[in-house]
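The same chain A turns up in both complexes below, where it pairs with chain B and then with chain C.
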Partner chain A sequence: MVLELQKPRPIWQIMFSTHHTDVGLLYLITSLSFLFMGGALALAIRAELFFPGSQIIADSMTFNRIFTVHGTTLIFLFIIPFASAVGNYFVPIMVRYKDMAYPKLNAIAFWMIPPSGALIWLGFADFTWYATPPYSIISAPGPAADMWIFGLKILGVSSVLGAINFVVTILKCKHPDMSIGQVPLLAWSFLTSSLIIIVAIPTFAAALLMLLTDRLGVSGFFNPAMGGDPIAYAHLFWFTFHPEVYVLVIPAIGMMYEIIPRFSRKPIFSHSSGIFAFVLLSVVSFSSWAHHMYATGMSFTEKTVFMIGTLAAVPASAMHVFNFIATMWNGRIKFSTPMMWAVGGIALFFSAGAGGVVNAAMPLDFQTHDSYWVVGHFHLFVMGTIAFGSIGYLYYMFPYVTGRMYNENMGKVHFVMSFIGTVLVFFTQHVLGLYGMPRRVFDYPPIPEWITMNQIASVGAMIIGTSMVIFLINMIHSSAKGKLADTDDPFNLGGKYYYPFESKNPHHH
Partner chain B sequence: MKSIFGLFLVLAILVIIPAVEYVFAAGDEPGGYLDRRVVIWNLFYRMMTVAFTVGAVVSGTIIWLCWRFRESNPKATPTPYEKEGVW
Partner chain C sequence: MGHHSNWPEWVYVGVVIALMCWVGAEAWNAERLVEHVPADAEVIKVTGQQWFWTFEHEDGTKEIGELHVKVGKAYKFEIMSKDVNHSFNIHDYVVLMDAVPGRVNTVWFAPMEAGEHDIQCREYCGLIHYNMRGKLIIEDDSS
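And then the complex of A and B:
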């Protein structure tokens, strides 16, 4: 298997390498760095909201900057690069090819991320990750806003380049003996999510250019004073970013598809239904963008169409959950750290999905729109499903990357604390939304229920923060001084995996 | 045939009828939403009842699975695939 850290090399050999595992390692370290940076901002937000009134953040503008960079960082600089890290490591191995199809393009796609991260962090824009027009084009202070736009532009190009590479690697470079139906589900998750990226991202790329030219005053696409329409931006944005939700979640589900059969000591219950559900999700991801916009005065027919389009994702998601449950059934499950994260992720995926059905049902959406319910729902998906799947997979791939084992007890403590913290923060935020608290607020009136629930959420966030410190210590210490892992069977499960890892693959020696 | 009819009946009760009601509860005129608040909250509670019921069944199944099929359970036996050594 891949043991970069066990064979010490000068760091520039990794930095300037185009080999898929080296690029994967760069993606991994970058994404984890941004996880901790974005997470620190989340703790600042929750500390500020512990009591009504200004606590640790001076003014609402600074608060807006913090949650804008928090959201942008964790979505674009943690989740997507983390998925790319996993894909880079495992997709070529799974399809039995020596590298990604275009290794240099792969390295270029990665090296676009640090400068865009720098633009986002050095600018610290204040107009939310949605870049809300007309505020973003009329009065959002520059150069922060312009730096954010350029940062996102570069990230979009990086995503498209990475996606093209995954599609070509899987479809054109897979071993001739391997039919497309035999490609492992993790690789299928990258194929479907990459296709979504290729179709969806150009729309937002165009919207960003329009936003920029609007800011420069040479156009007025989204500027009402010049005859433009901010709602048009909402359509362009959500046409990209509702499918993008599936770009985030599909690889995480793919990672669960790797973990659950391994630790249940059984093959996946239905490989073909997993493929079908991925394809179905990728198609219906484009039929639901306007459910974010029920409150913008859409016609009854439009709302109905998008409500049904959104609910069409339910059967596909249920197929995944059923597949996981049926795989575990009659297994002999070893609850190592990766399995705990995967099972916790499934449970929270289901909860987040149930809340999503409420958002999708248009009359109910009017009750929850722009309230803390939406914050709770979105974060339950992003943290509870995507981050849980991703972190579980990080523990799973840790021995293959480093050649060493992480500390199992610390991993389990990390999971338990994160699970409790996630439930405390995001379930509470759902109820807070039903009590009427709007989202994106710096201050709130001293309503006793609001104060109590904000404090519960903040305590939950601190628990997650503490668990992440344990995680960081575990990763750093174990990668340097952890017990040497048996890379043929690091989790002591017995048996062999159904696809050839590097040690069995002549291309990787 | 009976089971298919039964399945459609359950789907109709759980999904189709509420979905039609949600659609028409919203109305089309801008001021209508407030007038329908009671109806919408009623739908909300019904939907949450369905969600919590299904959620309890699924979560309960997952918890039971984890308990019953964990490797430390005295009833745990090697899967057929372990004997073959490949899965």
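And then the complex of A and C:
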């Protein structure tokens, strides 16, 4: 397919290229760098919480900055750019076009990410990824807070530009012989998630500007001392960021839709129900934002409305799980590394969803709200589902990008350790939340159950950390020295089940 | 693609929808009961500020960091904040409500037996958020 890394080129040829696979490569390398940076911060957090009292982090301000940058980095600088990497590589190929619709816009969207990453990392703000006012207005120290706001502002523009590009590429540039219903599910996932971005992001862009002028003291939108209301920010923020959860998860599900049928050596059970579930998810993603705000003093009626909106997302998610299992049913499954990650991701997606139903049910939410339960819950999504799908897909696309095979045994060890670690950290955090431990705390009282569960979680995190080192070695070593891949069928699945992208696309070889 | 029967998926989706309706109905009913504040509940004004809790009883008594209540009585908390958002939480009694500056939020509870329970802040509020803790002391009058 592409094989950039096989023909040596000077680095600026890739950097100044607007070709979709070059931009995809830039997205890929950037996002993986931020994965390791954000992951290192996670290990620092878990090491600090191993015992009550201060361990490796001197003071709570440093700790608060670390978890803020950890979350911001992994959501905005790993998950989203990683999805863009995959979309850049595969969407034009799948819709049989030569490039993205607007190649220059594509490169511009990418080049907004490094400066915003620099703003976030050099500032190192402390007000959590949610930047909640009035804390973020009256209490959070500058210039870190302002740098974070500018960084997020640039990232928002980058997301919208990227989303417009995907929508136009898929709807307007697809091959005329291909109906919209025949577009592969991975491309459909980018279509629906891009539409969500276009609708959702402008709201947060406005909220960020208001936050900035509030910090400058020239307005008081969210500052009660000037007649504003912090709850207004919560609504604007979650109107963007609840749908954003689906922006993150939908491409990962799309990636699983590529992996599962290939390695089950069966066609997908129902292409049309996959499309239907994507469209449904993108619509209902807008009906549930205020379930993040049950405890802000909402009325019973408001809570009921948003509970119904939240529960409405469950059948659509469940349809994807059904589709995956029905595809694997009676298949000749080959558990290569990508398939292991995808199947593990589905299992954790199901667990995360089940926990989500508990959060959505109003009275139960008051047990779990702002506790470690919530931390465990959304990490099962972002790590267990989205990162698992993404990493699986990275192994899957590795031979196409590099022309070489990764080391299969190291890939499997990476999966097994990560899966065990993820279960240890995030299942334990659910229970820890039920025991009442609040999130975002630098220190905790020496309650025996809290100590034990924090230690289990920290051990799990170290297991994940170790597996990520194995992953890094595997990626670097195999891309230079791995054995040459048979790009017609690198996983030895038998050509019939393999999707020969290039043979169907006149622009690629 | 499309040539096989898809009825198992629709049966399954029907089951999931039925399950969600049941969860929603149970939650709606439970929350309705939980939110019904008894008429004789005594009001306690709770104020959060960086980084401690103050309490004011109906008779004007004020307490800082500690809250004394009596077994068998119902209490209604009126929760406010002086600076940034906090969240008033007595985990053992599932009391959880945000303290938002400019608003008064209410939540109620009725202690069942004497004892001590932790009060904590569950919404990030800055430097000492981790130690914005207090004690709930439930006293038994009859003994």
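Keep in mind that, in the parts below, the second predicted complex is superposed on the first by the 501 of 509 C-alpha atoms of A that agree within 3 Å, B and C clash if a C-alpha of one lies under 4 Å from a C-alpha of the other, contacts with A are read in each partner's own complex, and residues count from 1 in each chain.
Here is the rule we use: a contact is a pair of C-beta atoms (placed from the backbone, for glycine too) under 8 Å apart; a residue touches a chain by one contact, two chains touch by 3 or more.
All figures in this text were calculated on a predicted structure; none of them were measured in a lab.
Of the two partners chain B and chain C, more chain A residues are in touch with C. Of the two partner chains placed around the shared chain by superposition, chain C is the only one that A:296 touches, whereas chain B remains out of contact. Judged by the touch definition given at the top, the superposed model places A:88 against neither chain B nor chain C.
Of the two partner chains, chain C is the only one that A:443 touches; chain B does not reach it.
In the superposition on chain A, A:287 contacts neither chain B nor chain C.
In the superposition on chain A, A:261 makes contact with chain B only, not with chain C.
Touch criterion met: A:273 reaches chain C, while chain B stays clear of it. Once the two complexes are overlaid on the shared chain, A:319 sits against chain C while remaining clear of chain B.
In the superposition on chain A, contact of A:429 is made with neither chain B nor chain C. By the touch criterion defined above, A:328 reaches chain B but does not reach chain C. Across the superposed pair, chain B and chain C both touch chain A at residues 267, 297, 300, 303-304, 307-308, 311, 357, 361-364, 366-367. For chain A in complex with chain C, the residues that touch the partner chain are 60-61, 64, 126-128, 132, 134-135, 138-140, 224-225, 229-231, 267-273, 295-297, 300, 303-304, 307-308, 311-312, 314-315, 318-319, 322-323, 326, 357, 360-364, 366-367, 369-371, 435-436, 438-445.
Of all residues in chain A, only 261, 264-267, 297, 299-300, 303-304, 307-308, 311, 321, 325, 328-335, 343, 346-347, 350-351, 354, 357-358, 361-364, 366-367, 494-498 touch chain B in the complex they form. If you check the complex, the residues on chain B that touch chain A are 19, 22-23, 25-28, 30, 33, 36, 39-41, 43-44, 47-48, 51-52, 54-55, 58-59, 61-62, 65-66, 69-71, 76-79, 81-82, 84-87.
Interface of chain C with chain A (complex): residues 1-2, 6, 8-9, 12-13, 16-17, 20, 23-24, 26-28, 30-32, 34-35, 50, 83-85, 87, 89, 91-92, 94, 96-98, 100-103, 105-106, 118, 120-131, 133.
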